[in-house]
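Provided herewith is a single structure, encoded as structure tokens, for subsequent inquiry.
For reference, chains read A, B, C, D, E, F, G, H, I and J in written order, and residue numbers begin at 1 within each chain.
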Amino acid sequence: MDRNQVTQKIVTAKVSKKMTWAQIAERVGQSKEWTTAAMLGQMTLTAKQAAAAQELFELTDEETLWLQIVPYKGSLPTPVPTDPLIYRWYEIVSVYGSTIKELIHEEFGDGIMSAIDFKMDIQRQADPNGDRVNVMLSGKFLPYKTY
Amino acid sequence: MDRNQVTQKIVTAKVSKKMTWAQIAERVGQSKEWTTAAMLGQMTLTAKQAAAAQELFELTDEETLWLQIVPYKGSLPTPVPTDPLIYRWYEIVSVYGSTIKELIHEEFGDGIMSAIDFKMDIQRQADPNGDRVNVMLSGKFLPYKTY
Amino acid sequence: MDRNQVTQKIVTAKVSKKMTWAQIAERVGQSKEWTTAAMLGQMTLTAKQAAAAQELFELTDEETLWLQIVPYKGSLPTPVPTDPLIYRWYEIVSVYGSTIKELIHEEFGDGIMSAIDFKMDIQRQADPNGDRVNVMLSGKFLPYKTY
Amino acid sequence: MDRNQVTQKIVTAKVSKKMTWAQIAERVGQSKEWTTAAMLGQMTLTAKQAAAAQELFELTDEETLWLQIVPYKGSLPTPVPTDPLIYRWYEIVSVYGSTIKELIHEEFGDGIMSAIDFKMDIQRQADPNGDRVNVMLSGKFLPYKTY
Amino acid sequence: MDRNQVTQKIVTAKVSKKMTWAQIAERVGQSKEWTTAAMLGQMTLTAKQAAAAQELFELTDEETLWLQIVPYKGSLPTPVPTDPLIYRWYEIVSVYGSTIKELIHEEFGDGIMSAIDFKMDIQRQADPNGDRVNVMLSGKFLPYKTY
Amino acid sequence: MDRNQVTQKIVTAKVSKKMTWAQIAERVGQSKEWTTAAMLGQMTLTAKQAAAAQELFELTDEETLWLQIVPYKGSLPTPVPTDPLIYRWYEIVSVYGSTIKELIHEEFGDGIMSAIDFKMDIQRQADPNGDRVNVMLSGKFLPYKTY
Amino acid sequence: MDRNQVTQKIVTAKVSKKMTWAQIAERVGQSKEWTTAAMLGQMTLTAKQAAAAQELFELTDEETLWLQIVPYKGSLPTPVPTDPLIYRWYEIVSVYGSTIKELIHEEFGDGIMSAIDFKMDIQRQADPNGDRVNVMLSGKFLPYKTY
Amino acid sequence: MDRNQVTQKIVTAKVSKKMTWAQIAERVGQSKEWTTAAMLGQMTLTAKQAAAAQELFELTDEETLWLQIVPYKGSLPTPVPTDPLIYRWYEIVSVYGSTIKELIHEEFGDGIMSAIDFKMDIQRQADPNGDRVNVMLSGKFLPYKTY
Amino acid sequence: MDRNQVTQKIVTAKVSKKMTWAQIAERVGQSKEWTTAAMLGQMTLTAKQAAAAQELFELTDEETLWLQIVPYKGSLPTPVPTDPLIYRWYEIVSVYGSTIKELIHEEFGDGIMSAIDFKMDIQRQADPNGDRVNVMLSGKFLPYKTY
Amino acid sequence: MDRNQVTQKIVTAKVSKKMTWAQIAERVGQSKEWTTAAMLGQMTLTAKQAAAAQELFELTDEETLWLQIVPYKGSLPTPVPTDPLIYRWYEIVSVYGSTIKELIHEEFGDGIMSAIDFKMDIQRQADPNGDRVNVMLSGKFLPYKTY
């Protein structure tokens, strides 16, 4: 058994039970963004969060244990993603990557925006020209250490 | 001559003149995010914007023309970026890519978040635990056409 | 269970039942191009379209649900396709890619031709020198946003 | 000297002389699609076509000779293109590749749509919801030989 | 079920029945080159050819149907083949590729040698210094269309 | 200086002097296939062959020496060739590779067809349905040594 | 069934029966180097050699037949091997590759050292500073054919 | 300046002065294998060895200094070498890699054959069936440390 | 059966028995670093170490034998790791690789730091600004042999 | 001008002036590890540090400015390094990567060891069996944020 099999089981259960990620998140007690990442095998659950998942998805005790093991992360099958929705994000990194680098360095100096001390919020913004997806990314700035 | 040479000249001039991207953006009359992308060879300038760049960076008339030609986009030298700041964004796509996909589809159905009808805003948020980089991405949702 | 297994089942049923994509499309009520893509796991079906597929291919209720879940898109096993028919299309992108870019920009300015708000029509054109495959691609032009 | 240098010179001259591909095509006497591909180093010119280019771009005799040499084709710097406009075409091949294959085989049997005995026509279609790029591709069907 | 499974079954049957490709080709009624390619999942059989294969390899009706479906072609597991015999052919393309290109263009002008309207014949030539493999490749020349 | 520079010079001279490979081969005293490969930097010339090339292309003595040094072979810029004419040969290896392997082993047992003790002959065959390119490849069979 | 399955069975049997490759080689009647390569699916056995393997590893008749079929060669899962022992050999090719090329050409002229008419012998050499692995590689020199 | 430029200069001088690697090695005072690797930019020379090279190749003092700097090693332009002579060595690693691993482990246990405490000797062996290249590789066995 | 299956079984047993690597190491009698690597299929166990593992994880005798076979090493699924924790180590090699090379050569001359005669110690260091991971790597320096 | 050119100039000056990294570090006023990384184009210098470098390497004012610009990081030419010393570090990541991951997670929970709030110390340890390279890596542990 490994975490991928638990992920597969959760995704299959979600489809057959017609649950939404928002409903699952409410039951797990975290944001929909973190909860979805966790259910898709990218985050580690506490015992309490895992128990909520166990109940929702009818997991065995062993499967529930696996949710509490730190997973090998990375949710995409290829270095350059083929799925159009995900590719647009890769394209943003490709086209705007140097811009993001320049502007963060201009404001903060040498360092990075953390992808670990990080949170994300995805919202719909109504717009008469077509609704928009608004995504707020927030990561702690970590300066390079000089020694 | 090609656009890369103009980009190289602009970046070199920016360093020797000690300008910031924010200052350049004010002169060009657009946001700092769009202006930086444009100066780094990813966007196309209007004649007026190009004239502002010409004055700032002492470009020749031919170089100024090149700023108005649509560039071949993509600002990174390798498919998986080696620079740590930019890699963290690639990592966000890798770790959270499937999450982003699930949540946008849950809210909007099948389609994508546009990287063309798109804007980005990068801000510093003061935080006693270490300041944070906040990035707002906003892209129009485009539903898949059924026919 | 995942969408790939449903795709496999549909393709196998199509072979053993000797159906054509045109016949399937008529039953699903969409064009043969969209229907084939959907049956091959690239598009999302409505409940009604999925019900038509269920009847045609004798799918279970769970399999029918999966047809209504947005799939992870990308239908080819390698970045450069090995199949000669599909490779010719890759070759068109390789040889004519810069031409297509130049001519669309010349007509429309900076932006893209959408692959989402997009449709395709494949027709046979009789020709005494050998019949021709005529393909009409139609995508909305999306201009880059300036901000 | 090689063909790439001539291509570079032509592209640079086109920018500084502010010509359009349509104007160039008229002078060369072919469609704008073929002419653009030829000027970008993908097609071979006849002596007469090359002479037209020589006059337009002030080429030397040796440069004009190179236009009549069959080039090493392929106009993109990476197997998966980074430019968003060209990527959308790659995405069409990725998402719709298996569909195109199925439908052409359904109509014609085993074989390919030629990318050599091939022509392309790119048109703007006015549309109140946003103008569309319409592209007609026409390639001779070549059946696999049995022996 | 898919074509690969039928190919696997055929290859396994050929080994246990100790048939040669030449014998199989005689039963299928085509050359040994075309027949081998077809049996290895690269060509499409007619109903009559498939019936011969069904009898030879004791295929089910469904497996026999799959032989008549156009396969996804490409018979090698990696872009650069690791098997020494096949690598030598890759090496011929690598070392002599530019030579072949030059000589065909010198004789025919711009275009390609078809790999579709194509046939191949493999023969042993006795030679006191060691027998030779002689391979005749014959492909129709297809000139690039000008338009 | 290296061999590539000599190759570049030869190719440039060939274009400006409007020579054919067949004419060059006659002067060098070998087949057009071997001579073209040699001039394109894939083969090593004898002093006498190099002297013929020196005269034809007005090479310096040092350049002439380089023609007699064994080159680093491989004439293509990418593992999968982008040029359509050369790609068709790659496709033949991809589609027919397993067939070639099977048939040579059936006739000769385990071993390879040499790409070193190898010769190639390219001919035009007139054909009312379109002329054909006929290529004869001849390589010594080398059996695997058992020890 | 395929050759890989037979290889897996042989390797598993070797472990559970605690045989050494040297013992196996003695039973097969060839060197330990050739025998190991053959058992690992890289060489073709004669009927007599296969019979020895059948007895040793308790193979079925069908499995024994597969040992006499020429395998698809290549024993490593990635182009650059990750296993440290095998990587050191890859490193020798990477660091000394150009040296080996120069010295063989200096002694023999243009051509290759055959990897087919080839043998290998691996020996332990006692050494007070730590024992050494001595490997003798012997390959026939094959000169490039001029034609 | 960097080491590659010095390597280029040495190789060019060797060609124009018609020296052999064996002659150079004698002057440098080391084996022909080590000396060739060093001259090709893979090894570090002592002051005395560098002085010999300086005299032989008429190097400047600065170029001579670079020969004493440890180089960034790796002598091949691609991960899978295209040159046929070097490829045969890559093929030996590919085909025999698992065999070499098995036999060294059988004799020595877990560890590697060093490519650092390593030497190589390349010899011609006369043979009536065609002379052979004999290569002796000798590397210290390094056992994995347990801790 | 192969080593991967044993690794899978051990990892699964560790999760369901809620053991730590430190506890396992104590039972095996080696450091936690070496023991973890060994249990994850990267090191070879002695009969005694394997017996301890057998008892802990309830392995069969055959599984226990596999722990004593030298494994094919390499614990990551892709050349560039996607997991963020492991990527940071890849990043250290990418960013600091040239620095490490320079400083080791400055101190020791040409050679390498062994990854075989190597040990590693991972410790937590309490720190009011956030605890730190301290890793000590120790590898024997191996000078390049001159010959 | 770009940072690479400044790096090239510094490295060349270091060779011709026969300075060590330790001496340079003393002048710059930081550790030898950080200073070497900075001089090799991986870190950003303060004005004061840059002034020290300017004096040492006789840099122009513009070159000195570039040392204070955040560089695009990544010091290696290929994803898998070919240099043996650096490869051994890549191998440590490959072989021990999963071990490092397990042990850090066992001690700290889910998160990473920072490569930004990070320092490194490289020391020689005398050892009668051959001196050892000891490297201490210290990175702050960053726990994954839950939200």
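Assume a contact is a pair of C-beta atoms (placed from the backbone, for glycine too) under 8 Å apart; a residue touches a chain by one contact, two chains touch by 3 or more.
Everything numeric here is computed off the predicted structure, so don't read it as measured data.
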Please decide if copies subunit H and subunit I contact each other with the same set of residue positions, more than half shared, or with different positions, and reply same or different.
-> same
Compared with subunit E, which chain's mean CA position is the farthest off?
-> J
Hey, how far is the Cα centre of subunit B from the one of subunit D, in Å?
-> 29
So, in whole Å, the Cα centroid of subunit D is separated from that of subunit J by 46
Touching two or more other chains - residues of subunit A = 33, 72-74, 76, 79-80, 82-84, 91, 94-95, 101, 105, 111-112, 114-118, 142
Chain-chain contacts as defined at top = A-B, A-C, A-D, A-I, A-J, B-C, B-D, B-I, B-J, C-D, C-E, C-F, D-E, D-F, E-F, E-G, E-H, F-G, F-H, G-H, G-I, G-J, H-I, H-J, I-J
Give every residue of subunit G touching subunit J within the complex, in rising order.
-> 80, 82, 84, 87, 91, 94-95
What residues of subunit A sit close enough to touch subunit B in their complex?
-> 20-22, 32-33, 36-37, 40, 42, 73-76, 79-81, 83-86, 88-108, 111-115, 117-118, 120, 122, 124-125, 127, 129-142
What residues of subunit J sit close enough to touch subunit B in their complex?
-> 1-2, 62, 65-66, 69, 72-74, 76, 79, 115-116
Residue numbers on subunit F that touch subunit D, as the complex places them | 8, 11-12, 15-16, 18, 77-78, 80, 82-84
Over in the complex, which subunit D residues touch subunit E? Could you list them?
-> 30-31, 33-34, 43-44, 70, 72, 98, 101, 105, 109-112, 114, 116-119, 142-147
